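Take this structure, written in structure tokens, and hold onto it; I'll ask about it next.
To keep things simple, chains are lettered A, B, C, D, E and F as they appear, and every chain counts its residues starting from 1.
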């Protein structure tokens, strides 16, 4: 049963008033796939200080703070930490986010939003040279805190 | 060469002052993959009027209007039309967006943002019953207007 | 005496640092009045799944989260629940919102904002067929939590 | 027929790409009703420079600029002028807004949003002394520009 | 060592999960310098009720609430009080802000943002008659709460 | 006479409907003054890739896009180009912004906002090691386009 609907079938912001305030962490990962030449351009720009990854990092952090504003039913949260990591491979940049709060709801949406906004930021900065990029494999890796306990996605390195 | 950097290597909002004002359209697609049981729950909720797709549609449209606010180097644009389409398959919801403007820059970022925010909205509404969902295959399908002409991604139905 | 002004007569955000953190609830109601034919169009659209009420519900919830951003002297709050209810009558849609938080200030502004944004959303979606609609009777119905205790507006059903 | 829905019944941002760019004006009016004692407090505060009306004016103008962000299907617009007028009567403050743009869609939503946000701002600043205030009679008075021509609501002074 | 960078040298939102929740206050000051004739115009407008200072006060308070949205690495905070004070001198308006919260991080950025947005608002309203205005001397005056204790900037009146 | 007030003395968004659409440019400058040791820390971080200047650049550009949202009476504008430049001196970082649009109002507020948000971003990232930093000398350097013609602030290098 989907808890996001009221008895009339309308979407609602789920009532979490009495949920426990705990330290909550979520880790998400995703990738942007691009041509090896585009990866090269990203690396070359970085050498001359033009750092696509820095912009994506900041886009991801700021996007993460906006989660409750852009996902209609998300609760507002006061994030207490956001960081991202980027692995630049041959034809793929792997993006990982770690988001933390002390609050009554989990932060998986904030972590997933950080990854997707970071990926969109990379897309934006490289789109003049590559229209074929694909954003994919965006998923929750790990989640701690709250009633549902510690979750690790099967088969993932954490 | 990445045009988003100035001569000191800092990211900039690319200067588009003298680009031509034309009608511009972009089409993007992407998917959220989930268990068949989760798809079932989405369908059952819809029967009782609790429509995950309606919420995702609105999340995608409103997210699309926020593109220049969340993608650091994006130009502000006055969108003249945004629509989405959802295909609910057995273990996947395919999301397509069509975004239009009359302006000096393309709207591919707005189209891609609409798709990813719609996917994140579905994720948010189904996450209580499925933590394994994956957002993927987010890509530009078609782009019209402006100097670069009509682009259709190879091998896609348009 | 209006507490929103400092000794120089300038508006301020009232200092609430030492107010008690409690569970707070507010209920607001209001109506949008329209021609019976417009009500009919709303109902007919709903039959074909084009649900004005769903859009208004989401507009109201998202608007409610923006209250401290749009009402100049409002304190930011972390809402823990928002829901709306719509009664479609013959020439009027009655909108009710219930907003909850755990915090130091009441949520009546969030409840009233939810109702008015929902009403404006309905207006927007019906304005092509009816320019005579009127939004009215927007009022606080009930308020719980905090020093001022339980308030119920006289003569209202709760 | 409601034009805000696509053929699947989902809400969309109506396509206005080919609509004519013209000078557009909208005038809206509404009222906040309150006890004569509350009106007195508003007037007394103003004498000592604590001007509820100034805050409402600014709230209304800034709210008007946010219309496309808070009304889900509204098009973004570049407003070229916003002004409000307040008539403080015995137990009612009448609020009027005039909003202008040069663009492809009308600005009635911006005018109605200006009036309601101004009314909510007054509510916020007076709520400590009066919980019975009611916002009402919010309506479009006049609309100029665009295909539909000059509209004046019947029976209104313009 | 700058704590805002991770081990890869990318900016992050500093992790504050385990910091103590205390009452925090920050006081900032700054000035906008202008021609005596411009000061005169500000004073004359105020006599006729056109109060630049009121607008700057509201701009400063609303800007302060937006701090975590505009300063990339700032933590979101729930402010519990914001007030400003303006001293109109012969060719300078001195702006002071006092910002309060109960939270895990200090509010100096919120206080400095309040002062700069208030100054920019004054600039905006006077720019038609004076292009030479300068905003300057924006600094932290006092800071209370949290591990670092009570700070008062040397040589300042508090 | 200050044009930002209506005949009742209330602030308004100045009516610019009939102003000419032209290419408009504004250049602003300002500084953040800090201890030589803080400048050293900024430089050392940059060597290890932790680039305060990159974050300030992005903060400034994104802040610039938000100008009409944070300065109460500013008109919304579609910026067509934003860039910043930073000179790191012995105890001062000089910030310059260049903002462009094609529109009916000037972009000096956008240029000044870019400089102040960039300065606040640097302040935020260095505040853990230096509480004495001062933001100052924020001023308009040059302005082109529109009725008032080409303005260069006296005594400035352009």
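Everything below uses one rule, namely that contacts are C-beta pairs under 8 Å (C-beta built on N, C-alpha and C of every residue); 3 or more make two chains touch, one makes a residue touch a chain.
What you see is a predicted model; the values in this text were computed from it and never measured.
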Any chain that touches chain C and chain B: A, D
Chain F reached from chain B - shortest hop count over touching chains: 1
Shared interface partners, meaning chains that touch chain A and chain B: C, F
Of all other chains, the one whose Cα centre sits farthest from chain C: F
Copies chain E and chain D - interface residue numbers shared by over half, same or different: same
Centre distance in Å when chain C and chain E are each reduced to the mean of their C-alpha atoms: 31
Shared-contact residues (touching 2 or more other chains) in chain F: 8, 10-11, 49, 51, 54-55, 58-59, 62, 66, 69, 72-73, 77-78
Complete list of chain pairs which touch one another: A-B, A-C, A-E, A-F, B-C, B-D, B-F, C-D, C-E, D-E, D-F, E-F
Chain C residues touching chain D - in the complex, by the definition given at the top: 1-5, 8-11, 30, 41-42, 45, 48-52, 54-55, 58-59, 62-63, 66, 69-74, 108-109, 112-113, 116-117, 120-121, 123-129, 131-140, 143, 151, 153
Interface residues, chain A side, partner chain C - complex: 6, 8, 10-19, 68-69, 72-73, 75-78, 103-104
Interface residues, chain B side, partner chain C - complex: 49, 51, 54-55, 58-59, 62
Partner chain F, residues of chain D touching it in the complex: 23, 53-54, 57-58, 61-62, 65-66, 77-86, 100-102
